[in-house]
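Scrolling down, you'll hit the structures one after another.
Here come two complexes built around chain A, the first alongside chain B, the second alongside chain C.
For the complex of A and B:
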């Protein structure tokens, strides 16, 4: 397994956000984590990235304990994270944003290769290459956030609500891109409120309910499960 | 840049590059004291030069890394007192000036890290309040540790720099030339830092600290590096000015100095090196010449108004006017300009969004 989380507990002060969750992501998979607001989805990703310190439990990446590493070391270890709400650098150009995505990398030719790959996946970013990120549309900013996270050439890409706030057409585009990034060899852990789309693109899924994993299994069986359908897929599928 | 564009447009293309502009400005600065041959003017240039160094240092902290530091004079004080204690009869230690230049800036940098460390989790207003506190504590400490620092009298009879047997003495000219050399060094260093990996990390933190952490930037060490670099420049300034005045005392490093330097950045253009230098020179000239001369003039025409007493009011008016009409400063950096005219950018973004909704992107 590329990523193994065991009994992860995370707290904000006295509030328990994650109450002992366990999940795994295998090399080459797309795994999705779905659940209601406040279930702990974002906290899980932030714990993997080292931005939230787990109270207990372990996170192993490629067999190595990473739960005590600094966020910068986790990026170097091979985990890229496109955060919720995009968080692009608004006053910097697309180019400068991508360059910062490659901050942990030193070899110029590799950075150039990576930039070419990202621009190949997102032709729109090529058109906007010299434009300030803050002046772009939400969809373009989301593409930039994903592209920027790919610049560190992660083995595991964490995507937090990539379709949030986008028009239906753009949501389609984002999911096509997620599939494409995965097809090119990057493992993906995807958080989505758009459960139907997420389960369609993922091979396996986990359902988080108030800090615990309520259901897990193959994406197709989760999508067919009555409990999941009732709670997250709005009944009729 | 818009401001000087009409002037530069007449120059031949070879002289329009930033490099040529820098060389011209440096040559002019070098020639300035020899044209006037006026001791008071050279004296002013030397003092103003020390403040240019301070402004360049604070620009790293506030302009590049976006950490609002309201107690920057503390590091100026530490640099000055380092020189005073190690090159005066106070302890009978007389280390050479040129060695102390590095020592003082290293000591200031260490204090930059020590004072920066507790503020790492703070940002914005909270950071400003804590640094304001440091700015108060440091001169108070020098005031009260009178057995070492001479208390309110400070330390006097500081050693004058000696270069290859030439004693700087009381003539301001050698001090000015030295400060000019330090400014050239500091501006070169700041410019290289700006485009370096570290500089990009500073700007990422300034833009969005959370996103910077996501990029694998170690925000702790990057912020501490900004405090250390900024403080080291003020160590140079402190050393230079202390050796020229041959006196340090706590009242030289009060809150108004921190605000004065910050106002230089706001006026000139935060984050932009030429802007910061210009802003610094304007405020120094205002303080030393423009206000006293205008007051003199008013007295001569029979108006009993003393502008020098109300100089903080005048600085305040200048800052408010700048905030209202040109918040990015006289010579803005590209990003500040974009940030402060975000309203226009939002409209463009909205237009782009509308366009996107009507077409498929992939």
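For the complex of A and C:
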């Protein structure tokens, strides 16, 4: 397994955000984590990236314990993260944002190749190349956040709510892109409010309920499960 | 009119010192949103460090020829390095642990840090003004009725050169980009693989080193200093940073020169005693009509 999380507990002060969750992501997979607001989805990704220190439990990436590493070392280990709310650098141009995405890399030609690849996936970013990221639309910023996370050429890409706040048409585009990135060899762990779409694109899924994993399994069986349908897919549609 | 041009020269020299100090305030504020009240005292330390280095070099009077360049280089670089390290130590000891604390905690700590530095300097060099040797020959150039002293040219030149170097560093190097990224969004910077502790320490190093350079320049320009010198100068430099738009490098430079000019002009055309009133009134007016400062960007930090 590329990523193995075991009994992960995370707290904010006295509040327990994650109450011993375990999950795995295999090389080449798209795995999705779905659940209501406050269930602990974002905390899970932040713990993987080292932005939240786990209280206990372990996170292994490619067989190596990463739960005590600094965020910068985790990026170097091969994990990219497009955070919730996009978090692009607002007063920097698209170009500078992408350059920062490649901060851990030194070989100029590789960085140029990666930039070309990102601009190929998101032609819109090419048009906006010299524009300050803070002046772009939400959808453009989302593309930039994903593209920027790809610049470190991660083996595992963490995507936190990539479709949040986007128009239905852009949501479709983002999901097409997620498939495309995966098809080019990047493993993806995806958090989504849009459970239906997420389960359609993923091979496996986990359902998080108030800090614990409530259901897990193949994406198709989760999508068919009565409990999941009732809670997350808007009833037995 | 001659008086005006004379004060223009004087104001620019004064402004060069304020601008160098203001850069440190604005850099630190830009990256951790802290008003580092100890910064003015680091500037005074810069003068005392320069003095100590000159004493070590055995220099107590005017130096000529190539030796002068050597003495200046060693003293300025020495003061910059020592002040830079002081800044790094202050951040490590006093501010780092409070990074996620409520904003008031590091602010009070900064004021405490300022007292500590002032009292250390009081202990080290006593309560009276300490003379600073005239190391540079100070020929004066007459432009009509206006006199320009060599040391005024040095002040402005050094300030401008250091600012250009800083600007180039921040906008064109990898570490400079890391600093700007950390200033704009710390979480995102970490997700790019940037070590923000190192980046913040680097910011303190550079900002404090610039205060060290300003400290040397001030000693040379005024011919003396005392332990409490940084309080007033720091306050005006901070005003300069806010006037220009806090967090903005070019703004700090502009603000510094403006404050220097306003002070020189008020002293000449109104009265010495009114200079602080005018300086701070300008600040109030700017904040009322342009709260983000002259060059401050109004682009939201978080979208």
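Convention: the second predicted complex is superposed on the first by the 235 of 237 C-alpha atoms of A that agree within 3 Å, B and C clash if a C-alpha of one lies under 4 Å from a C-alpha of the other, contacts with A are read in each partner's own complex, and residues count from 1 in each chain.
As a convention for this text, a residue touches a chain if its C-beta (ideal position, glycine included) is under 8 Å from a C-beta of that chain, and two chains touch if they have at least 3 such contacts.
Computed from a prediction, not measured in an experiment: that's the story for all the values here.
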- Using the superposition on chain A, decide if chain B and chain C clash or fit. clash
- Task: Could you look at A:169 and tell me whether it touches chain B, chain C, both or neither (first, second, both, neither)?
- Result: first
- Message: Between chain C and chain B, which one touches more residues of chain A when both complexes sit on the common chain A?
- Response: B
- Task: Once the structures are superposed on A, label A:28 by its partner contacts, choosing first (chain B), second (chain C), both or neither.
- Result: neither
- Partner chain(s) touched by A:217 [first = chain B, second = chain C, both, neither]: neither
- Message: If we overlay the two complexes on their shared chain A, which of chain B and chain C does A:57 touch? Say first, second, both or neither.
- Response: neither
- Query: Does the superposition put A:20 against chain B (first), chain C (second), both, or neither?
  - Reply: neither
- The shared contact residues of chain A with chain B and chain C are 49, 51, 70-72, 75-76, 81, 83, 87-92, 96, 99-101, 103-104, 132, 134-135, 138, 148-149, 152
- Any idea which chain A residues touch chain B in the complex? 49, 51, 70-72, 74-76, 81-83, 87-92, 96, 99-101, 103-104, 123-124, 132, 134-140, 148-149, 152, 167, 169-170, 173, 176-177
- Message: Can you tell me which positions in chain B touch chain A when the two form their complex?
- Response: 197, 200-201, 203-204, 207-208, 210-218, 335, 338-339, 342, 345-346, 348-349, 352-353, 355-357, 360-362
- Interface with chain C, chain A side, in the complex: residues 49-51, 70-72, 75-76, 80-81, 83, 85-92, 96, 99-101, 103-104, 132, 134-135, 138, 141, 148-149, 152
- Which bits of chain C are touching chain A when the two form their complex? 174, 177-178, 180-181, 184-185, 187-195, 297, 299-303
